[in-house]
Amino acid sequence: MNARPYGCEDLLRFYREMLRIRLFDLKAAELFAQGRMAGNIHTYVGQEAVAVGACQALEPGDLITATHRGHGHCLAKGGRADTMMAELFGKATGYCRGKGGSMHIADLGLGILGANGIVGAGIPIAAGSALASKIKGGREITLAFFGDGAANEGVFHEALNMAAAWRLPVIFLCENNRYGVSVSIDRVTNTADIADRAKGYGIPGVVVDGNDILAVCEAVAAAAGRARRGEGPTLLEAKTYRHRGHYEGDPQSYKPAAEIAAWKERDPLDRLKKTILAAHPDAAAALAGIAAAVEAEIAAAVRFAEDSPYPEPATVTSDVYAADNERSVAR
Amino acid sequence: MREITFSEATLEAMAEEMARDERVFVMGEDIARQGGIFGQFKGLPQQFGLDRVRDTPISETAIVGAGVGAALAGMRPVVDMHFADFITVCMDEVVNQMAKIRYMFGGQCTMPLVLRAPDGIIRSAAAQHSQSLEAWFVHVPGLKVVIPSNPADAKGLLKAAIRSDDPVLYFEHKALFPTKGPVPDGDHLTPIGKAAVVRPGRDLTVISYSMTMHRALEAAETLAGQGIDAEIIDLRTISPIDIDTIYASLAKTHRLLIVHEAVKAGGVGAEIAARVAEEAFDLLDAPIARIGAPFVPIPFSPALEKLVKTTAGDIVRAAQQLCR
Amino acid sequence: MRTVTYGQAISEALREEMRRDPAVFVLGEDMGVMGSVFGLTKGFLAEFGASRVIDTPISEAGFTAMAVGAALRGLRPVVEIMYVDFTPVCFDPIANQAAKMRYMTGGQAAVPLVLRAPGGAGRRNAGQHSQSLEALFTHIPGLKVIAPSTPADIKGLLKTAIRDDDPVVCIEHKLLYAAKGQIPDGEHLIPLGRADVKRPGRDVTLVAWSRQVGFALEAAGILAGEGIDAEVVDLRSLVPLDWDTLAASVRKTHRAVIVQEAVRRGGYGAELAAQIGEELFDSLDAPVKRIAGLNVVSPFSPALEDLTYPNPGTIAAGVRETLGRQP
Amino acid sequence: MATNFTMPQLGLTMTEGTVGKWFKQLGEKVAAGEILAEISTDKITNQIEAPVDGTLLAVLVPEGGVAPVKAVLAVIGAPGEQIDPALQEVAAAPAEAAAVPAAQAVSHIQSAAGDGRIIASPLAKKLAKDKGLDLALVTGTGPGGRIVEKDILDFAARRAAAPKATPLAAKLAAEHGVSLAAIAKEDRIMAGDILAAVPAPVPIAAVPLSGIRKVISDRMALSWQTTPHVHNTVEVDMLEATSLKDKLAKLGTKLSFTELIVKCTAKALGEFPMVNNAFVDGGLVVNQAINIGIAVALDNGLIVPVVRNADRKTLAELRAEIAELAAKARQGKLLPDDYSGGTFTISNLGMYGVDHFTPIINPPESAIFGVCRTVPRPVVIDGAVVIRPMMNLCLGYNHRIIDGALAGKFMARVRELLEQPMLLL
């Protein structure tokens, strides 16, 4: 991976964003294991380069849809660690006031159209957002994050077809981490690359090394350019790997140990660090500064979540309809 | 009689029925390699091979659609939905295909298919992983819907469902999987369409099923201490409803309370209350009361989630009100 | 006042709202070039252009979910699912996405989407093209459901639904499209959750919605000749339900007969009967009766279909039985 | 696939039953849940429903025939279906309750006639309450005789205009269909006036013994012939018992002699277990529990519901349970378990003014109490003649296993407890 056009300042920013995600999810996993959080969480450790690479290539006005493994997507899009941690704790100060939890983090102000608990459901929603941009004539584009598992859902094919037919400004970014919970992708598909499916809908299909942040950034930037020029959608397939289980607590018995070790060798954070130091040997101090700052940010986020209050009981029946005095059938 | 868990009971049912009839096979997401998220398929692939215990892509519409096709071709498939909430993704296969094919083909074929759907609120899984959606399917002629509350019925109903020639939706509450209970030895079958009077009583009839059965039994003990003798009925099958057992009980108690975890508005309690009040109006000395969740999606935060769950306290208060 | 058909009233509502607010757009199968299979959007393509009158591929799950996405971005999509029988194909976008988005995001997101669903029996369309499935939607917190029975009501309610910031399912009975009725000129809006007593009466309350309102009125006419004065309450909106109007009527007549085309078991009428039984028990002088479709798949043959669903005759018979007279 | 309709197990002790009546003929269609046959045992007659839909293919036990529990009585299946001659085949598939299509005309479930419930709409009940009307006096004109609003309003109006009648008279008039207006009388109409107006009953032809009557006659004959009955009678001074009863009444808790006798008998049986044992097939059966049967008179005979573990229940519990069992017995709603498992029976004819009583033992029990009336009699106590409420208590016992001495000691203990109820505490 060579530094190419990115200056030291860009590379350090990339590193900081990836580290935020890594430390947030490692801390979340730790707190979850201590039973400090409710429900269950799906951590993004190992796939940071895809989220950061993609979001760094987008403009602030662009939008994304995330998945049940969406902490990284939301942080990379500019999400706050403290508000997200509070949501994981089910607190009133969380992104969704405690009502959504890890699988439903959303920040419409930042263009995060939400994570989703239904596999693949975010794909057509992203296409719909792109349709809105086209109708409104806006410049913004929408990017859908989804996994290799979701690529087998009916809506994946329906959304790609429509987006292609109407040349919608959307990027379909498949994070192929090789596993749908316990089922490896090769057991449930007949093709080496999911990107090949793009040919069926007459749109570009590009495979990219998901652990090389610069490669991801370039691929997404190119796709974003197509979209903004009205040339329609692109299907990107970022080959990557999740270091931890499908959900926290999953023993991952379905993964060969050798495979886990091999992918740990190609950890996206380590690879970026090597690239930075190779191009800017004097950046070591800056890197250490970043590490300290991110650790502080995460620690503060945990304190914020712990000190925040739980939601008031009365709020359990609000936010069902726009006007809460709606005399619905809530009798 | 042995003391085993709910999930072990379903595992025994699967193993026995697959051994008894080679047309029986099971498919779903993460059932073979991982043995099901609650361990309810552990060991089956080793016993019957990966052909009859199949991991599928995450494609609910295709999985259930394939199940319908296999049933038409003479097999007796069991399809695992992973979470009942995902039924929305393959709703057409359930409402417009498996439920209707026999009738639309004028009785030419049967549809021996079982859809297993783990449901109910468990540890803050939030709105898309905690729902109880059985009421939808009471409204769909052609389907049968069964919901066990204990290991014995879990095994008995699953075996009966697999042997049934009609499509059966088998809802199993996720929080019940680890619970233990006595299960008879041998070829134990629970008849579909038959409720069980779990606790006889004279003053009030409480009808429930699945998880809330246990809340109802707790409430019954509290009420007994207050001189209210509650008869507790476990529906076990919610379509077709065992209306005779309900009327026999009502003829004795003249007071009816229906309790379930699902949303109250439009829940199974509505159909029972409407039908009983119409057909057995003269048996009622008090209005039929219902308990169910408020009309809201299920919140994530534990502080809010517990407010939408039916508790034994709710049942005691409603029973006291009815027996005033 | 003008006389128009139910279908024309829908076209007027859509056209007026699209002219009033550029965020409003319609999408569905055959909505543009063909002007919808029921002819409701004829001429729309010419006036509003292909980006606001969209012919979708046959991908109900895809384009309904896309409509949810567009709604999240502030647009106001009006999706037509050609038959309510096809809504199970796009049930996840309806039940798990549109209905829950506001709540799950703690109030951040709004999904101002209208899903129009033509349905109902009587055209010998058999099991998969004759259903009434409103009971599936009324069980989902977060959705609103309307089922108007006249041109004036469909126009007023559809315009309100399009302006409503929550997802609304609009149930339209296919055999009402040609039905004529008086419609007020100018801006005509009916709020959701407001029922309409279409015929006042003293002896029994006939509760109905959509096409069954007309049947109930016809039955009331037959019964009037026999000295039975039936009050017909047209709910118009199922969620939110106008409980006060319904309760006032039942308290007056002491008898309720609910008329529902959909399958009896687990229908919306069950929730109505259960609520009336639970809250108005002491006002009841007779059991609350449900006159509804049989618990069967909708049969094709006319000889069978006519036995399956309520009609003025069976409604009148049900009322007589409720009053303790020979049916 | 053919389904076997078998003799059901009605209660713990049942070994066989008689087919009283078939409700369906050979070849006739049968629906699940529909009454198919009436089965009677020595204790009760029950109507049994068909388990599945189908056609009655074969009737193996005719009316009046007797068959052991689980024996195949009939076969239901598809018309023309081959029946397995060996009739051993157990139905493999579970008997699913077929979803009977919801007929448009909905059947109305009425509560069992004669179970004392008044059928009235909630509105009618409310109006009656508001107007202080006794619903029992109102005849219902609604479906199935249900009392509706109109009936209450009409009744209230008529009552305002109608001649004065005592509540009992009004009730009797309603029961016997006598119209108050028809009785020409200025002042208040009394019960006697109504009875006088009721037409005289028509004599009934001799009816062969059947059902429960036949069973009782058979059992009484069997017991009398095979068990050497001996009867001892003691006179019990009920003074203390009566004063206890009066004191408790002042405190608001009711007590009747029935439960007091049961309590004393149970305590004594605990001390003299032999009297509580059973004698079956020439052998002695030791009964651990003390279950006391209470003879309850019915229109067509008698039945003996059983209070289980009477020794461990308080007087209040005994009172409640005896009252409930008696009510269920009169309503014909006793379950087989309610009247089986008795170890000692008490038969009370006191209310009929009986002074001496030689009761017949209820097999397989070994003894029975016959309770006579309590009546003030002169007795000599400490040389002085005093009036005391005396009750004759007669023990009938099976001399095969109970000798006079044992019976005497047992009777003395029961008398002691009855005469000193404090000993019970």
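When the chains are written out, they are named A, B, C and D in that same order, and each has its own residue count from 1.
Methods note: a residue touches a chain if its C-beta (ideal position, glycine included) is under 8 Å from a C-beta of that chain, and two chains touch if they have at least 3 such contacts.
Values in this document were obtained by computation on a predicted structure and should not be read as measured data.
The fewest steps needed to get from chain A to chain B, moving only between touching chains, is 1.
For chain pairs C-D and B-C, the one joined by more C-beta pairs in contact is B-C.
Chain C and chain D, compared by their mean Cα positions, are separated by 56 Å.
Distance between chain B and chain C, defined via averaged C-alpha coordinates, is recorded as 30 Å. Here the spacing of chain A and chain C, counted between their Cα centres, is 40 Å.
Averaged Cα coordinates give chain A a centre that lies 74 Å from the centre of chain D.
Multi-chain contact residues of chain A (touching two or more other chains) are listed as 94, 96, 98-100, 104, 116-118, 154, 320, 328-331. With touch defined as above, residues shared between interfaces to two or more other chains in chain C number as follows: 61, 92, 96, 103-104, 138, 141-142, 265, 271, 281, 286, 289, 295-296.
Shared interface positions of chain B, i.e. residues touching 2 or more other chains, are given as 85-86, 88-89, 126-128, 265-266, 278-279, 281, 284, 294-297, 299-300. Those chain pairs judged to touch are A-B, A-C, B-C, B-D, C-D.
Those residues of chain D that touch chain B in the complex are listed here as 33, 93-97, 99, 106-112, 117, 119, 121-122, 144, 146.
Of all the residues in chain C, the ones that touch chain B in their complex are 61, 85-86, 88-89, 91-92, 94-96, 99-100, 103-104, 126-128, 133, 135-136, 138-139, 141-142, 262-263, 265-274, 277-279, 281, 286-290, 295-297, 299-300. Chain contact summary for the complex, chain A toward chain B: residues 38-40, 87, 90-91, 94, 96, 98-104, 116-120, 149-150, 152-154, 180-183, 187-189, 253-254, 310-311, 313, 315-317, 320, 328-331. Residues 99, 101-102, 104-106, 121-126, 141-143, 146, 148-149 of chain D are the ones touching chain C in the complex. Listing the residues of chain C that touch chain D in their complex gives 254, 264-265, 281-286, 289, 294-296, 314, 321, 324, 327.
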